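Some structures to go through are shown next.
Shared between the two complexes below is subunit A, which pairs with subunit B and subunit C, respectively.
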Partner chain A sequence: MTPITRRGFAALAGASALTLSAPALLRAQTAGRMVVIGGGFGGASAARFASIHYPEVAVTLVEPQPTFITCPYGNLILGGKRTLADITHSYDGLVARGIEVIHDRAAGIDPDGHSVQLANGTVLDYDKLILSPGISLRWGAIEGYDEAAAEIFPHAWMGGDGSQITLLRQQLEALPEGGVVGLAIPPNPFRCPPGPYERISMIAHHLKQANPTAKILAFDAKDAFSKQGLFEDGWAELYGDMIEWVPASLDGTIVRVDPGNKLFISEFGEEHRVDLGNVIPPQQAASIAQETGLTNESGWVPVAPLTFEATAAADIHVIGDANIGSPMPKSGYIANSTSKTAVAAALADVTGREAWADPVYFNTCYSHIGQDYGISVVGVFRPGEEGIAETPDSGGVSPRGPLAEKAPDRALEARYADAWYDSITKDMFS
Partner chain B sequence: MKPIHMALTLAGGLLLPQTATADDAGHLLAQSCAGCHGQEGAGVGAAPAIAGISAEDFIAMWAEFQADERPATIMNRIARGYTDEEIAALAAYFAAKD
Partner chain C sequence: MSTPRIRLPETAAPGDVIEIRTLIDHEMITAVSSSAPRDMLSRFEATMNGETVIAVDYANGSAANPTLTFFVRAEAPGDFVFTWTHEDGTTFTAEGTVEVG
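Then we have the complex of A and B:
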């Protein structure tokens, strides 16, 4: 079928609409075409939601990877609790819903012409574009950290083809007895604020059994982090002095790496030799957002808080990690939750249905600290006069307290975290 | 502007505008719950099913969560983020599911 473009359809409507019946139009999915770039937390959720609630709209999803490997629960591979297969998801469920899934990379967007060019040359016209391409890594922001360096010091901060998290797991298994694991953790904002600290925990969980004299040195470009009290309680309770966290104020900012000599070099010139280095570099919106001119000087995309339409381009709604959603975290749950508001806003125009006037943006991030030891943070957000704001007196983190008292709740939260993973991936791919 | 919609209604009154109803509000609000409680409140793994709870029971449970009077690891923190109208819309939505 030739796609009916916005212009084509308007002309068609003017010329011969009287001869068509509304149900026929609905069945033919010709109320308009929505293209989604990126089949991750934001994009897959958006495409699926649209296919269920706006059957009259034709939905095309563009994603280069044949399957989606989640970042969430990737840390559990390091802890030996999950395999790569456990966190790999098929697009078959979306295809079965009638979504056209194209496995290619979007090479360019023409905002004025309302079209997307794929790497293979195909041009897709759209009425509305949902852009959820995630992050790109700022190669070189840490001197010496480029794509080649990432083969020695993996970042494992994007799912991709799974090779990064697999490499990190292999390096962990090969760590010499009593070896040093170094992490370099970036400043805000970055993907998944509690992610590095869950990673430290899961590495420690593995080492406690496999290599108990090993050490973890976590160098941070910040002085505080998400769920800090809970993480530090858990580390002390479960891992004794295995973990040392070095904040920015104690020269924790890593500014240069030398992968050949296995060195991390700090802001004040201290050289740290590591046996295994996990470098989580500073980030920005994915390159397609940069190249389309949607980002501002921060490297992220400014959007309207109620619709997620990009400030720089009409009919392009940018969701997920790529946008500036502060104070919302860059999380999978936020990408999923906001995808639905963005779709409702985008398709209101196309279908004549109303957008969501008072949306709620919802986040929960669970983290695993050890066996049967889960914690969480909740945030309920709403768009307001001055951007997005957290709803007062709600949300927050799991209560702190000695493990002797909290163990049953920590065990429950670990199980609920597993339920979250299964539930949200159903909401993306089933 | 709604170019496509306008073109159609002007041309032949084919697509009538649908307005958001209380139902829509419930279904949109309930999207956030699908990240833990499964599709339409069906339950997943350890996360309890919430479909089919009567509106009255739902509203009573919610008030208990908000006041920390019902055992909770997380629902107390979640419940405090919603207004009375939103709770009523959620209650109606899940009561209508089975």
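Then we have the complex of A and C:
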């Protein structure tokens, strides 16, 4: 148990009662400095958690974007169920908690010198660094798919400034009657395993009303995917034959694109003409993780399963999609859940408090298939002797069954999904 | 169904090891655990200039949509013929040429 010290109690009381006045002044942030790179599901959660539970530590959050646009619920923009404003979040709540939020890009990390250099030249010293930089897209992994191509065939797989998901929505609205929507879906591992299939669903949801003779061709570099049975049940029940999913074993792997001629070219040379192309390319950890030398040959960052400290550098804890967390999925929920363990581990030597000996990492990925039609997969994980392991007999997916029988469950899960989104974004930004 | 697909380089330097990928869509129904009629390919064979470079027998453990990737050292220009044979004797073929030099 952690004893409540006089200083800790005063700071906690101050945080709850006087957050909106001048909390930074009430805190003696003298124990050390934690810098967080990346203000997404991992980084914002880490900064907020640290500011609440470790008020004696000064927390600085570095994030280039002025606001955060979530990838979760981005697909609902395509389905017409959310607007960009609905999934855009302000950092004001974190500032009000006394977190120093710097809107700049972290240009480099000096692991030996314990400092971060920003793009504007400023150098931030840290005692502990939480690195939650997300992914980068492997431009060129699909021949012909580069940043210019993404203006024609959007990926819409990173929130960024919202322009990619907006472009995809505009293209969907402009789809010719009876047009073909093509998706190229990457091999594992990649951000948000059920995401492409929720996207297919939400595109179908839009087209069913606006363009019912349109067709969706989903080309996959895999032969199986997350919640596959549930998705395929939902597609058949709601969208009939609008959706065709082509697995790798039926030449579904797209190896080249020709945006000018609106072509997807498969592994075995078949050319597919599409009216709208959404290319979700292969991915790796964000470039700063590569440049700091934290990644291995896979392009992702090996970390210690109990602390998330990078194998390659002390005092840098890497959370979120950038790390190798298998069998945990690269999800916002895992980034949030693991951020707290990482902060507790990082700040143990700074504050003299105990790290957590037996942490549990939770995940739920909800997906919307249609109106009042939600499904989920739940996983519970623990660090073990040989990496992270899924807890036996835990979790699972929503029960399958005909819609006539399951409709109340699907409607409830859609509501749970909305509630999950509200809760987790509060745990990041409020 | 049962469309052969092949992928091989158009050209190679003498002595290069080239990768050849093959795929045929076929359900490979064994009928062991279902009442559907048996529908299985029994063999795949690839030849280069008439000489066998790989031959594979399929049986009940073989997965649907069999795909094979293999490597051949290209010493001279190669005319490849790929043949899949069904248990009922039907054959499916594809051909390809690699220029070497």
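By definition in this document, the second predicted complex is superposed on the first by the 403 of 430 C-alpha atoms of A that agree within 3 Å, B and C clash if a C-alpha of one lies under 4 Å from a C-alpha of the other, contacts with A are read in each partner's own complex, and residues count from 1 in each chain.
The rule is simple: contacts are C-beta pairs under 8 Å (C-beta built on N, C-alpha and C of every residue); 3 or more make two chains touch, one makes a residue touch a chain.
Quantities reported herein were computed from a predicted structural model and do not represent experimental measurements.
Asker: Is the arrangement of subunit B and subunit C around the shared subunit A a clash or a fit after superposition?
Answerer: With subunit A aligned, subunit B clears subunit C, so fit.
Asker: For A:359 in the superposed arrangement: first (subunit B), second (subunit C), both or neither?
Answerer: First partner only.
Asker: Which partner chains sit in contact with A:269 here, subunit B, subunit C, both or neither? Use first/second/both/neither.
Answerer: After superposing on A, A:269 lies in contact with subunit C but is clear of subunit B.
Asker: Tell me which partner A:152 touches in the superposition: subunit B (first), subunit C (second), both or neither.
Answerer: neither
Asker: More residues of subunit A are touched by which chain, subunit B or subunit C?
Answerer: Looking at subunit B versus subunit C, the one contacting more residues of subunit A is B.
Asker: Once the structures are superposed on A, label A:141 by its partner contacts, choosing first (subunit B), second (subunit C), both or neither.
Answerer: So A:141 meets neither subunit B nor subunit C here.
Asker: Scan A:403 for contacts with subunit B and subunit C and give back first, second, both or neither.
Answerer: In the superposition, A:403 contacts neither subunit B nor subunit C.
Asker: To be precise, I mean the smallest distance between any C-alpha of subunit B and any C-alpha of subunit C in the superposed model; what is it in Å?
Answerer: Result, nearest C-alpha distance in the overlay: 32 Å.
Asker: Per the contact definition, I'd like the list of subunit A residues that touch subunit B in the complex.
Answerer: Residues 6, 9-10, 13-14, 17-18, 20-22, 25, 31-32, 49, 53, 127, 333, 336-337, 340-341, 344, 348-354, 356-357, 359-360, 362, 364, 376, 378, 380, 391, 393-396, 398, 409, 412-413, 415-416, 418-420, 422-424, 426-427, 430.
Asker: So in the complex, which bits of subunit B are touching subunit A?
Answerer: Per the touch definition, subunit B meets subunit A at residues 1-5, 7-9, 11-12, 14-20, 24, 27-29, 31-32, 34-39, 44-47, 73-74, 77-78, 80-82, 86.
Asker: For the complex, give me every residue of subunit A touching subunit C.
Answerer: 249-251, 267-270
Asker: Flag every residue of subunit C that touches subunit A in the complex, lowest number first.
Answerer: By the definition above, subunit C touches subunit A via 5-7, 21, 23, 25, 63-65, 67.
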